[in-house]
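As written, the chain order gives the labels A, B, C and D, with residue 1 at the start of each chain.
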Amino acid sequence: MTASTSYHPAAGDNANHLSATAIDIPALLASAHHPKAGAIVLFSGETRDNSHGREVSYLEYEAQETMANKMIADILKQANEKWQLNIAIAVHRTGKVAVSETAVVVITASAHRSEAYAANRFIIDKIKHEAPIWKCEYFTDGSKEWGGNCNCRQITGDASKHIYEFEK
Amino acid sequence: MTASTSYHPAAGDNANHLSATAIDIPALLASAHHPKAGAIVLFSGETRDNSHGREVSYLEYEAQETMANKMIADILKQANEKWQLNIAIAVHRTGKVAVSETAVVVITASAHRSEAYAANRFIIDKIKHEAPIWKCEYFTDGSKEWGGNCNCRQITGDASKHIYEFEK
Amino acid sequence: MQIQVYAILKNYFDKDFTVEEAVNTIESLNTILIQRNPSAKDILAGCRYAVNDNFVDNQFQLQPNDSIHIIPPSSGG
Amino acid sequence: MQIQVYAILKNYFDKDFTVEEAVNTIESLNTILIQRNPSAKDILAGCRYAVNDNFVDNQFQLQPNDSIHIIPPSSGG
């Protein structure tokens, strides 16, 4: 997984940004060092033990995989063009993700830290709003719920227009 | 190092925030999971192979250790009070740090991602401006230079007043 | 015409199913789906349609062999 | 009085050294240090003094056994 999940501007993006098994964060991080990069920022989105006041047992993620993969690759490309990153990596889980396990990881590396932070935030916000990936929450009381949808359309009136946190 | 570098609000801070040997990032990250935390952000500041157009061989960090340790602990405490973090970890290297090695790591965990990003940025900016830690750059041409000083005093007129990047 | 739905839409339709009626546009397909399950109307209004892995608008002209995916709002991360 | 300096100040003074002259304040200590090495004047102007691990101002009253650290601007990270 290590080499194939990074975005290397010169090589284009043939990476697989979805993983049906646990994401190996130390391996990804080890692959993110770069002699021109003074700053690496890693974001790990993890399952919380609670949601809307209810006790969560685990999450399960579903994706339209070909579209999600292509869209994440495109988001990394946009980030790279905007901030000239040395490294941009993103992997999202599918399937069952237990409490405290990683559902999504984003790693960015750049010469200075402002760019690495900004690009990281841009990538995760875009993935969360745009990529066709869905979370189903399984609660300890046995119930389940498809949840936490992006509802920007109610504000923007257009399903392809989002209000990104990084713009706030 | 793992347990002793985190800031646990309940326990106070008896951690050692300086390390004379390589920082074990996977171990720190493994210690940063928390069932109430949906977001973990990690920043790793690493030695670049160049500085001001010159080729860097390695860096060497010196610290006034008792003060630096106390100040980093205090910065983590401030961040925790401001953002109610689940985890706040910071470790800065002393001694020789090779290209692509980590000089400083900051890890923050919180329920939602905005707080983890903001707190992480706050902590690293504060450490860089305030903690009595100094970098000496060793260049491949054999020369060396104490460098990259915080020069906020030239703007603020007060050595204890800084212009932090997170405020910009 | 082969339809595939995801996430919350699976509470309203089979994951994969076929529409045999002649439909020319996404709009007419949407009408048929609401006829099949009127309770899905509000949910469908928040979804986007993709044909051959590209998002399309309501006036998109469908071919009989198109593979159509109905994409609810994202809830990844 | 025991003085310890760091980083770039080591280009101007020994890392550890003693000031035998009677000095009451940081300000008078600073004057003595500039006399010892006039080329350190500008550098010292950008530094802060710490006594027993706390930053102090120029008027701080020194005791003969105080341990004094001279702290250049940070360049960590």
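Just so we're on the same page, a contact is a pair of C-beta atoms (placed from the backbone, for glycine too) under 8 Å apart; a residue touches a chain by one contact, two chains touch by 3 or more.
Just so it is clear, the model here is predicted, and its values are computed rather than measured.
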Next item on the list: Could you set chain A aside, keep the rest fixed, and say what connected groups are left?
Entry: B, D | C
Check: What chain is the most remote from chain A, judged by the mean position of CA atoms in each chain?
Finding: D
Next item on the list: For chain C and chain D, let me know how many angstrom lie between their CA-based centres, rounded off.
Entry: 74
Margin query: For chain B versus chain D, what separation do you get between their C-alpha means, in angstrom?
Written below: 26
Note to self: As a quick test, compute the distance in whole Å between the mean CA positions of chain B and chain C.
What the structure shows: 50
Next item on the list: Give me the residues of chain C that touch two or more other chains.
Entry: none
Margin query: Residues of chain B that contact two or more other chains, please.
Written below: 45, 124
Notebook entry, point to check: For this entry, which pairs of chains touch?
Noted result: A-B, A-C, B-D
Margin query: Which residues of chain D touch chain B once you look at their complex with the stated criterion?
Written below: 6-8, 11, 46-48, 50, 53, 55, 69, 71-77
Check: Which of the residues in chain B end up touching chain A in this complex?
Finding: 25-26, 29, 33-50, 99-100, 111, 113-114, 116-117, 120-121, 124, 165
Checklist line | In the complex with chain C, residue positions of chain A that touch it | finding: 45, 61-64, 66-68, 70, 92, 103-104, 124, 127-136, 146-153, 159-160
